[in-house]
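Naming follows writing order (A, B, C and D), and every chain is counted from residue 1.
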Amino acid sequence: MTDAAPIANPTGKSGRSKPPAARQRRTLFWAVPLLLLPLPLFLDQYKQYVANLILVYVPVAVGFNIVIGNLGLLAFSNVAFFGIGAYASGVLALKLGWPWWTTILPAGLMGALAGCTASVPALRGVRLFYLAIMTLAFGELLRWVYIRWVPVTGGSFGMSVPQPSVLGWTLSTEGQKFYVFLVLAVLAVVLTDRILRSRFGRAFMAIKDNELAAAAMGIPTDRYILLAFAWSGFVVGIGGSMYAALVGHVTPVAFDLTELILEFAVVMVGGLGSLVGSVVGAAVITAAPEFFRGLPGAQELLFGVLIVLVILFLPRGLASLLARLHPIFVDRHYRD
Amino acid sequence: MASLLEISDVSVRFGGLVAVDGVSLAVGAGEICALIGPNGAGKTTLFNAVSGNAAISSGRILLKGEPIHGLAPHQISAKGVRRTFQNGGLFAGLTALENVLVGLHAKVGSGFLGLLAGARASERAESSSTEQARALLDLMEVGHIADELASDLSGGQQRIVEIVRAIATEPPLLLLDEPAVGLAPHMREQLVRIIRRLAAEQGVGILLIEHAIELVMAVADRVVVLNYGRKVADAPPEQVRADKAVLEAYLGHA
Amino acid sequence: MATPDAILVARGVEAGYAKKQILFGLDFSVSRSEVVALLGANGSGKSTALNTVSGFVRPQAGSIRFEGAEIAGKAPHRIFRLGVVQVSQARDLFSEMSVEENLRLGAWVRGGEVARLLDGVYQSFPRLAERRRQMVRLMSGGEQQMVAIGRALMADPRILLLDEPSGGLAPSFVAEIAAIIKALKARGIAMLIIEQNIKLALSVADRFLILRDGRVSQQHDVKAGMREEEIVRRIYL
Amino acid sequence: MLAVLPQLLVSGVATGMLYALIALSLTVGYRATTVVNFGHGDMVMAGAYAALVLVGWGLPYAPALLLALAGLFLLGAATQRALLQPILAGPHLSLAMMALAIGYAMRGAARMEWGSEVVTLPRPYEQDAFMLGTVVLTMDELVIAGVVLALLAALVVIINLTPVGRLIQAVFQSQRGAALVGLDVHSFHGAMWGAGAALGAAGGILLGLLVPLTPDIGVYTLIRGFAAMTLGGFGSPIGAVVGGVVLGVMEKLLGFYVSTVFIDITAYLVTILVLLIWPSGLFGRRAAVRV
């Protein structure tokens, strides 16, 4: 009987851990990066590159997760934001000669603009698979723009991005990039955490759970869907800018459907709707392929199987495992 | 004096079906009006018309003398009409407290950029509304479950949290869609207490749909009976109970 | 409660959807050739009870025996094969097909003599015989209800589960449906009926059960002659 | 400029027939389960490679192709029953991801085997071309059109004249109704995904005539299948066929008269514009998607 628990007593559920206090979480978001500071001392150039790539995928996953995990819309426009950010940084640096660090914000803003565009179908009431297909087509359409707009993008061969610099300092080693990337990744996580814990984040999750009831609470759902897409585009766009700086070469191939599945995998394996999950997913999924270099296809096969297993047996991702270890990892887990 | 809510001659049609057929009723401030009738009588449709979830095909719906039909649900909500849902409209992935905070959404008022910059003002807005939400949950005797996820609450607790959420902004009008369905007796008593307090202490006008007649008898000042989309009775509870037309409505034809 | 010739016996059935339990220990039985009506207010669990018997809702606990065999938790198509056939509230007809096509599909799994069964249905429903080529979508609600009952009869059911057969029908059709159910009863088909229309329910049932909060709160013999007003009070008021 | 129009139309229709087949194969699975199979393109790819392998083993053409189709039927049915059915009641997100992941794994497996080589399916006929007035018609185009028409005719016959077809129609009209007459809906779902995969595989084998096989052809086909489905109206079999042909013709016309870019992007534009402006498409009714 559901109403068995008398109202005057707390429901005696001892197993459930309460969401941690905001201060505790903040500690987590600052302490982990601090612990990572000496990392470049222990890694060779290649391993450092992989570590940097993980940091690139942190904002990408965080941004993507907002739309599919927190807002709960099946939209695949994240690769479009990622590509726009990378190309924005690349074009500004290569064609206009801007130092890389000044292109980060514009890349984010371009991503946000793409986010607003990608939200149009959702605002017009398109949902479910229809929304997935439309946003997927949007991303692919952009990829053709990269391929065909040769004077600006360099076409299929892409463009070389000049060595990144920050405030006049050139980032010549992977280790130097690491520190800049770390700051950006931490900012993406901390700021997104602020949003998710505020009335905005609550509105996103309310919309996901019950759009009708959300509107009945006076939430202008359209405005919040637009906002979620814009912030998602902004954060992922910055990830794109970091990617351009890391790889030094931006090509259309990097933003195809395979990339979409990779990013989808990061979020699903890490944990839908969970910030901790976004970070963990980025680390696991980015590091894993490095074990399969020189074995074309093995990585795809393994990822495919891994995702299948996660959906069947760990639907809330690795974050739910961590949450069992310590309440500080307890996050907004995906529920259905 | 104009009533708080005035529904006059409202009809709602879906295709060829007339779900609500020329119904008029009024609810005053601090008044509790119950809407009863057999399945398919049009009760929920009438509710949806008031909250903006269904379009009316004729008639008028006035809140404090001002027309609200034709507005979007979130606009009607902003004007002070809050509702609960028949099948539980709580946000399952949020805690009880967060659900109430969503109810307070419009009042929190932190700006987006200020929030990103970590401005004191937005933190203050958050923490003061959090306190307010906790106080409300305490007031309604469910303070101890504030940090439980809504999906982990019992059916009764969910109902009460949903009501707390609806009244968080102190709306003048509250619509309750079958608040007692599936509730254990002791929870029903608590519900009755809360509904009466809202009307008496805060002057909230309440329109509720309910099948549990003992609850209707206990709280309602007036009972409106619908059958086949039409109003067949509008009277104090005891009178309705004895009304022949009401019994007929429930019996059906054969 | 369970008479020796009970064919359907439910004991302590608990069932529901996702996190919402609806049935809390439901007990009832239906005897051979008996018509039992399930009455109750909204949310009392009537439809869930029916759907649990037919396998569309999987019970979490309890036992449901049909002619001695445990059917709780079995897939709907397996329960159907035993002759437990449901007419759902939404009717769920094949709306782009003709009356006869719908009827024939009813016999598809249990595989009786289609011609004989068809004749039987057309005799019970002369109205359908006249319209055997008509597309179901274009028929009135009452006629569709006849198709739905006819389709169930094509499976030669051992027990028929009817979910609000008079729901949404005009008064003239309600009388007609009542006549049909009485005719089926005369043929000795056991039935479990959910019905909002209490007059209709009382006119066809041998026994009625009142559901409240997911269990049977009262059960009465129709012959005992409780006043209708009293029943309405016990259910709703 | 106008002189080439007939030629464009003919080759557009031929390519469009192929799209039609793929859209139809997607529709079969979708109609049965109301789940869009995002991994369907990879079933198409797998069909082509399966045929390649079997022919490579020296099997005669006809049995090799039939065996490939049968294999894909089993693969489609098995993945549906084992991996999708358990989560069918769950969120759309998981369903989409599951289908993508299955496809992704298949693509990986194909890449491990054939990743670096470009392979083509051998033809059992000469690569001739015919002149019809001024219009060139290649043997490949003829074969594609012929096979697709034959398959469509077979499907029309099966669906309209056989008991199985009646049952398929019944499920498409009301799943619950089919369950109420005793159908095992789960097995039926599996069988329909199998049928969709097999039809898609036929499309993949034909596609092998037009383009060299790579493990990535699935993506190419998936996008065009979606576009054709959207244009024709989601879930409508006739719509899928008509939408496919119209898309094929549009690609050729826009590609020639406007810009070659359109050969690549017509499918995307069609998907976006149709869903935004005209969501029901040519033959669709209100979208029947499980919520």
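The criterion applied here is as follows: a contact is a pair of C-beta atoms (placed from the backbone, for glycine too) under 8 Å apart; a residue touches a chain by one contact, two chains touch by 3 or more.
Just so it is clear, the structure is predicted and the values come from calculations on it, not from any experiment.
Student: Along touching chains only, what is the step distance from chain B to chain D?
Tutor: 2
Student: Going by the touch criterion at the top, tell me which pair is linked by more C-beta contacts: A-D or B-C.
Tutor: When B-C is set beside A-D, the one with more contacts is A-D.
Student: If you average the Cα atoms per chain, which one ends up farthest from chain C?
Tutor: Following the centroid criterion, the farthest chain would be A.
Student: How big is the gap, in whole Å, between where the Cα atoms of chain A centre and where those of chain D centre?
Tutor: Those two chain centres are 32 Å apart.
Student: From the C-alpha centre of chain B to that of chain C, how far is it in Å?
Tutor: 35
Student: Rounded to a whole Å, what is the gap between the Cα centroids of chain A and chain C?
Tutor: 52
Student: Suppose each chain is reduced to the average of its Cα coordinates; what separation in Å results between chain C and chain D?
Tutor: Each chain reduced to its C-alpha mean, chain C and chain D end up 42 Å apart.
Student: Can you list the chain A residues in contact with two or more other chains?
Tutor: 1-2
Student: Give me the residue numbers in chain B that touch at least two other chains, ranges are fine.
Tutor: 151, 155, 182, 184
Student: Name the residues of chain D that each touch 2 or more other chains.
Tutor: As it turns out, chain D has no residue touching two or more other chains.
Student: Hey, which residues of chain B end up touching chain C in the complex?
Tutor: 38-40, 88, 151, 155, 178, 181-182, 184, 211-213, 241, 247, 250-254
Student: Within the complex, which stretch of chain D touches chain C?
Tutor: Chain D residues touching chain C: 163, 166-167, 169-170, 173-174, 176-177, 179-186.
Student: Considering the complex alone, what residue numbers of chain C touch chain B?
Tutor: 19-20, 22, 41-43, 166-168, 171, 174-175, 178, 196-200, 202-203, 213, 228-229, 232, 235-237
Student: Could you please specify the touching residues of chain C with respect to chain D in the complex?
Tutor: Touching chain D from chain C are residues 56, 75-77, 80-81, 85-88, 90, 92-97, 101, 105-106, 108-110, 151-152, 155.
Student: Which bits of chain A are touching chain D when the two form their complex?
Tutor: 68, 72, 74, 120-121, 124, 126, 128-130, 132-134, 136-138, 140-141, 144, 148, 256-257, 261, 264-265, 268, 272, 295-305, 307-308, 311-312, 315, 336
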